[in-house]
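Note that chain A is present in both complexes that follow, paired respectively with chain B and with chain C.
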Partner chain A sequence: MILKRIQSWLINEVVPPVVLFAIVVAIWQWCVVAYRLKPYLLPSPLAVGQAIYNDASLLGRAVVYTGSAALCGFFASLVIGTLIAFVFAQSRRIRSSGYPYFIFLQTVPIVAIAPLIVRWCGNGFQSVVLVAFILSLFPILANGTQGLLEIDPNLLDLFRMNNASRWQTLIKLRFPSAVPGLLAGARTSSGLAVVGAIVGEFFVGYGSKRFGLGYLINTTNDQLQIDRLFAAVLTSTLFGIAIFGLVNLISVTILRRWYDGPVEDQK
Partner chain B sequence: MNFSRGWLTLVVTIAVGCQAEQSTIPITNSQDPSRSDQAKEVDVSLALNWFPEAEHGGYYAALVHGYFKEEGLNVTIRPGGPKVPVIPDVAEGKVDFGVDNADKLLLLRAQQADVVAVMSPLQNSPRCIMVHKKSGLTKLEDLANKKPFTLAMNSGQPFAQYLKKVVNLDEIQVVNYPGNVAQFLEQSDYGQQAYSFSEPFLAEREKSDPLCLMLSDIGFNAYTSILVTRREMVEKKPDLVARMTRASIKGWKKYLAEPDQSNKYIHEQNPEMGLEILAFGVNALKPLCLPEGFEETQLGAMTAQRWQTLLNQMTEIGLVKPGTLKSDETFALQFLNTATSVVVTPK
Partner chain C sequence: MTEQQSNLIEARNVSMSFSESRLALSEITCSVKTGEFVSLLGPSGCGKSTLLRLFAGLISPTAGHLAVAGMAPEDARRTRCRVAFVFQESHLLPWRTVAENIRLPLELRAVARAEHEKLIRNSLRLIGLNEDDARKPPSSLSGGMRMRVSLARALVTDPELLLLDEPFAALDDVLRQQLNEDLVQIWLRRHWTGLFVTHNVAEAVFLSQRILVMSRRPGRIIAEIVIPFPYPRSPELRADPDFARLCGDLSRRLREAAQ
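Showing the complex of A and B:
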């Protein structure tokens, strides 16, 4: 049963994007050869592959640092986002007074905030986590608040009829109802946390010997080694996809076990 | 010995005299047959590697004082900024000439951009680490023993990589360069990357005590603000390159002697760059363009040995793969000899 599941997953979810990737790479290689593009403009896929192979251990170490910062930022936004969502769900007035500031956090360009963060919190891991947190907070907050507010009114009445306390309603009704919304927010947030960690690293350093993917992207760009730059960017993308896939997997598992499953299953 | 010297001087003076005469004859009346096909002005573009500032002064002087026009060149100067791809644009033919630094040129040549340097107005690089005088540091090597200390520099840059190789920076904290002097003003055990004609002025203006530790003192001395063009131009239009080089050198001599008009023009192009800092810049540039023992007549000169040294250094720090570049392909010295040898400043 599980084997068939994996087989169908591979054919439907894995093979198509891989085939598309192979086609894109082939076109890319053809363009480089046919138009005789020089490496400083666009490296060939072979050159990028070579760079990945050469930099493998460097990229691996960078992924560890960036990944840790991203995951810390993501968990922080999960916890804090959920807490704030609960507070927001309590009263309309609190929502209307607080929401605009979080929207502000979402829209202000991070390249403007990051230098300020460095000045106030210094260089180091904590500042990168802070940038990742700021970038990934909003989706969880927005989706969590919405999930908490959209409760089936009949269930609310049921709880009220049974004299449930505010706390009981919160834990046994509101929170479970909010989980699908939180998971939807978490899927978006996970990708944003990775972006936040990388962008944070453009401005913040970890210290002399440690460096993340953002640092590699910046330095290979400064050193005009475009093939290594592509390698770093590709690694960042793949890492982001991996995190997204992992969060998605957890989300689908939770939804299948305790709920009616994700929306695609329900149709 | 004296006799032949006298003859040589006479010949040179006559040659110089002929040159000087030619430059005052209007182009249309030129009797020199090789110049008759350049009767029309040629449109030329020059791309800068940063916002207009003192390090581009000579090129602006050539524009403002009409030296480009004298050579039949209608030059448009394209200001640059952060991350502007000067050398790639020159390689692609989007601009005819560019201004950038030697280490950048080598990095791009390693990526097969066939661009060469024809002139270098600065002999010594303004790249330095700016520290506080009260820190007690007198040379870059002292950084190895200074604790605690924060050094702000973009570690990816060639000079930073070279500094890391030559001086042990493990004991100090190396952070990213924030792009301004604010942190420098606040902390005394702090150093940052700087250009000697720029950031120290900003620090001094805020009553601070900046001291420049020059990268050239530890041997990393990349030619700065060099005039570059693509190899095709050097091979197919050498006369154009010669004219551009000649006018630029003349512009730089003028800028170092009388910068006011040029600085006014630069300030108009870049209002953020005040006249005060430009004046400071010119004074800081003079010892870099004309160091001790360097004749004014040689302004713009480059040596093969300097290029080879830079290439060796960049290979040593892993920025250029060994064997990919030949240093003598990165520059063309033939245009320097066509410059007039008239000395502008009186002895």
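Showing the complex of A and C:
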């Protein structure tokens, strides 16, 4: 039964994108050879593979560094975003006073405040975490606030009929009702945290002996090592997908187990 | 049922409007005695659910006087009288199992933990659910079962006043009749005071001692019918010619009221 499901999953979900990937790589290799493209414009897939192989330990360490920054930023968003959502859910006045500033955080270009971040926190890991945090905060905050407020009015009546306190309603009704929304926010945020960590390294990540994917992308580009640049970009992408997939898996599991199922279809 | 014949709930000249122009209830005067089972019967949208929510203290009337156990409904519910409300749909919390859903009112009312298991078991048995069902999530239950759980949740605090807002309206006829029979049994055993809102004539007649018939919006009480059939009521009652006659008479009044 389970084997059959895994088999059908492999055939339907895994094989087609892998085949497409192989075709694209083949065309790419063919183009590079046939048109004699300069390696500083487009390296061949083989060269990129070679670069990944050569840089494996470097890329590994970079993933760990960027990944830790992304995860720190993501967890900070999860905790702080949820807490702010709790505060926002308390009154319309608090919401309308606070909301514009979080929209400001969401929309301000990170390049614009990077100098400030460096001035306040210095270059290095803590600043990269801060950028990842700023970029990933808003989806959790917005989805969480919405989830805490959009409660089935009949359930609120049920709690009132049982003379529930504000606190009991918050903990036993509002928070559990908001979990699907928070998870949807967390999925978006997880991707943004990875982007935030990589972009953060561009602007605020120097000055430390350890470095991550963003730094690698930046320096290999400067040194025209395009094969290594490709290797770093590819690794970043795979890493982003992995984080998104992990958060998605956790969220679907929670929704299956404790709720009526995922809010939206997985696909 | 007749330990006390005082009114547990009463309404005097109660009017309710949700906006300036639309009156939902007009000059309602009615009462339910302690231990009595009364149905509010009326066409859809006549304001019968609104009247129930007024007695629950969930909303306040625009004019008139309402009392539960001699106090304002909300104060009564907080201090003097255990009131439970059963909604049109089951409204179970999906993240809690059946037993945990039934436990919810006990948690909210800070009933001693040691009492919980016994009360939940009693409530489950009363409503005809077994220990296996208790461990299931609500999503795995049928509509009828969910409504049973919703009833068990209302009954777990041993309410003195049970307000039911068309609880079986979404169920098919066979299920509805079964649950009607069970509800009568439970009422006979537990002696709560019941106010049951419905638009189903046969259901109102089968369950109640007395029926208050309401007009269409703005709702007024246009008739009060005492149901003569003795308890316990068996399913055979539905085949009784007197039952059919009473239902026919009520249906006619309801049609007139809806015009």
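Note that the second predicted complex is superposed on the first by the 252 of 267 C-alpha atoms of A that agree within 3 Å, B and C clash if a C-alpha of one lies under 4 Å from a C-alpha of the other, contacts with A are read in each partner's own complex, and residues count from 1 in each chain.
Note that in this section a residue touches a chain if its C-beta (ideal position, glycine included) is under 8 Å from a C-beta of that chain, and two chains touch if they have at least 3 such contacts.
All of these numbers come straight from a predicted model, not from anything done at the bench.
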- Message: Using the superposition on chain A, tell me whether chain B and chain C clash or fit.
- Response: fit
- Message: Output check: A:F203 vs chain B and chain C. Expected answer is one of first, second, both, neither. What do you get?
- Response: first
- Task: Once the two structures are overlaid on A, work out the angle chain B-chain A-chain C from the Cα centres, in steps of 10 degrees.
- Result: 160
- Task: Answer with first, second, both or neither: which of chain B and chain C does A:V129 touch in the superposed model?
- Result: neither
- Query: Does the superposition put A:L192 against chain B (first), chain C (second), both, or neither?
  - Reply: neither
- In the superposed arrangement, does A:P176 touch chain B (first), chain C (second), both or neither? second
- Task: Count the residues of chain A touched by chain B and by chain C, then name the partner with the higher count.
- Result: B
- Task: With the two complexes superposed on chain A, say which partner A:D222 touches: chain B (first), chain C (second), both, or neither.
- Result: first
- Query: Taking the superposition as given, does A:V118 touch the first partner, chain B, the second, chain C, both, or neither?
  - Reply: first
- chain B to chain C: minimum CA distance in the overlay, Å? 50
- Residue by residue on chain A, keep only those touching chain B in one complex and chain C in the other, then list them. none
- Query: Within the complex, which stretch of chain A touches chain C?
  - Reply: 152, 154-155, 157-164, 168, 172-173, 176, 179, 258-261
- Task: Flag every residue of chain B that touches chain A in the complex, lowest number first.
- Result: 83, 88, 91-92, 104, 107-108, 110-113, 154-158, 169-170, 172-176, 178-179, 182-183, 319
- If you look only at chain A, which of its residues touch chain B in the complex? 38-41, 115, 118-119, 123, 202-205, 207-209, 215, 218-226
- Report the residues of chain C in contact with chain A in the complex, numbered from low to high. 53, 56, 58, 77-78, 83-85, 87, 89, 91, 93-95, 104-105, 107-109, 137, 139, 157
